[in-house]
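What follows is a pair of complexes built around chain A, which joins chain B in one and chain C in the other.
And now, the complex of A and B:
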């Protein structure tokens, strides 16, 4: 199953929960997640199951004006 | 000395400092921290971007900001659509644990002007979702009225386009917004380049200014932060003092009665 994480293509051998994929990617707290441009709250990270072609965004604090 | 009772508020949160400061574009993290401290700002703006594992996920930056003990105002900078802005706002609320959002929605790449139509639509969605929206808007009175009618308690019209440092290009329009909405907290956001620009905004009766580049990109950001603090206090006191009536004709201030050599030549 092909997905993208922060624009990077990733191949999964089987369907996996969002949290597992994000941890395997090396995400460090604090972060917030979106899948296909939709916010996924922290309470759903474990239960959220990914599908073929899903695009995950892992966002963290940066400087802003 | 600043009058401690002279406060303004953001959705009920009372504030003494009338400067909101950005956290971007400083020469170094240490200069950023010291500039923010010297500015006396109580609110610091931040953003969210894709995490970079090479930079430890931005943890260092976040710790630097947290160590300052300021209130956090996340922005939606760079968003070009309502859905992008709404998603980024929701993600910001979770990470930063605040329902404040500086709503930015770019309408044109040339001048980074806020999209007035989509800004109003996104504001409505976010207010209904429980956010306290601080919309970065143009100085269009009618757009501001729509935002107020939706429930915005703070408006942040631009002085001039982001990062230009040109100051207040249309003081008349900004003044009209002030007169039209006497009970709304007004912040000039974007375009401030000099301390005197901030003074002018406060003299117009604006409650505060939000700026970043003017301090971060000064040759000495820490000194400029102190300059802005003083300029903002001067502008506020000038506003409270009430300006003299403006006239079109000259009037001497020194008495003319008793003038020697009066028209003797």
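And now, the complex of A and C:
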């Protein structure tokens, strides 16, 4: 299954939870996640099922002001 | 309430707009916006809201002006060093627009009797630089159902979110970033490109004006991410986390 993470193409050999995919990609908490432009709340990171062609964005918090 | 002839002239470029006009300008005049943090974001946001004729502004910040602030905190001049940020900002803004009312709270938001203060406010702008204040402001705004315009910037990145808590389904800041720690980066330890603050702070002022004039026109329930080096904007649709510890329906 082909997906992208932060614009980078990734091939998954089997269906995997969203959280595992982004952790394998190297994401370090804290982060927010979006799939196809839709924010996925943290409570759904584990259970979220990815589909062919999904575009994942790992969004790092910005706190400065 | 009416606009004086001086105000008619001062705000003439707003009055020409279909989306603002005299009715919209009067809404701005009747409004009270609270700006938390008078640093890199708070300075441009306050300048634009004062110039635009928002009738009452309350500025909250405990800090004095330091030399390293002047790279980006555009209300302050070199001869203002060591003075109070809120007092100096209020003087500058009052000189810009004597028609508006300015209140200053020279304290941290946590010690500002914030919930009582925002009870009568229309909008809060979060222009702070740390997670603890952002969580505190979010909780208070959610409890009081006061709209929150959250801005942030670091290095070459900026983010903007608008939460209209009068809507039951609104997400909150905590839904988006539930697990921030104090060790995260801020402008003092990571740096920031000066104009990024102007871009995000100006967008906070713009979204505040849109909320005040016509709630439907504002950028609610979205996370807007700005990348200065790519000069790109990306937008993500936000939803509430039903397990959010502040606003969650299942908590």
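Keep in mind that, in the parts below, the second predicted complex is superposed on the first by the 61 of 65 C-alpha atoms of A that agree within 3 Å, B and C clash if a C-alpha of one lies under 4 Å from a C-alpha of the other, contacts with A are read in each partner's own complex, and residues count from 1 in each chain.
Rule of thumb we're sticking to: a residue touches a chain if its C-beta (ideal position, glycine included) is under 8 Å from a C-beta of that chain, and two chains touch if they have at least 3 such contacts.
Since this is a predicted model, take the numbers as computed values, not measurements.
Using the contact criterion defined above for the overlaid structures, shared-chain residue A:64 touches chain B and also reaches chain C.
Of the two partner chains, neither chain B nor chain C is touched by A:1. Touch criterion met: A:26 reaches chain B, while chain C stays clear of it.
Look at A:42: by the touch rule set out above, it reaches both chain B and chain C.
Looking at the superposed arrangement, the partner reaching more residues of chain A, out of chain B and chain C, is B. Contacts of A:34 after superposition on the shared chain: both chain B and chain C are touched.
Contacts of A:10 after superposition: neither chain B nor chain C is touched.
Shared interface residues of chain A (contacting chain B in one complex, chain C in the other): 29-30, 32, 34, 37-39, 41-42, 57, 59-65. Against chain B, in their complex, chain A makes its touches with residues 6-7, 25-34, 37-39, 41-42, 57-65. Those residues of chain A whose C-beta lies close enough to touch chain C in the complex are 29-30, 32, 34, 37-39, 41-44, 57, 59-65. Across the complex, chain C meets chain A through its residues 37, 39-42, 126-131, 134, 151-154, 157-159, 171, 175-181, 184-187, 190, 192, 197, 223, 225, 234-244.
Against chain A, in their complex, chain B makes its touches with residues 22-26, 32, 45-53, 56-59, 61-62, 65, 74-75, 77, 83-84, 87-88, 90-92, 94-96, 162, 211-213.
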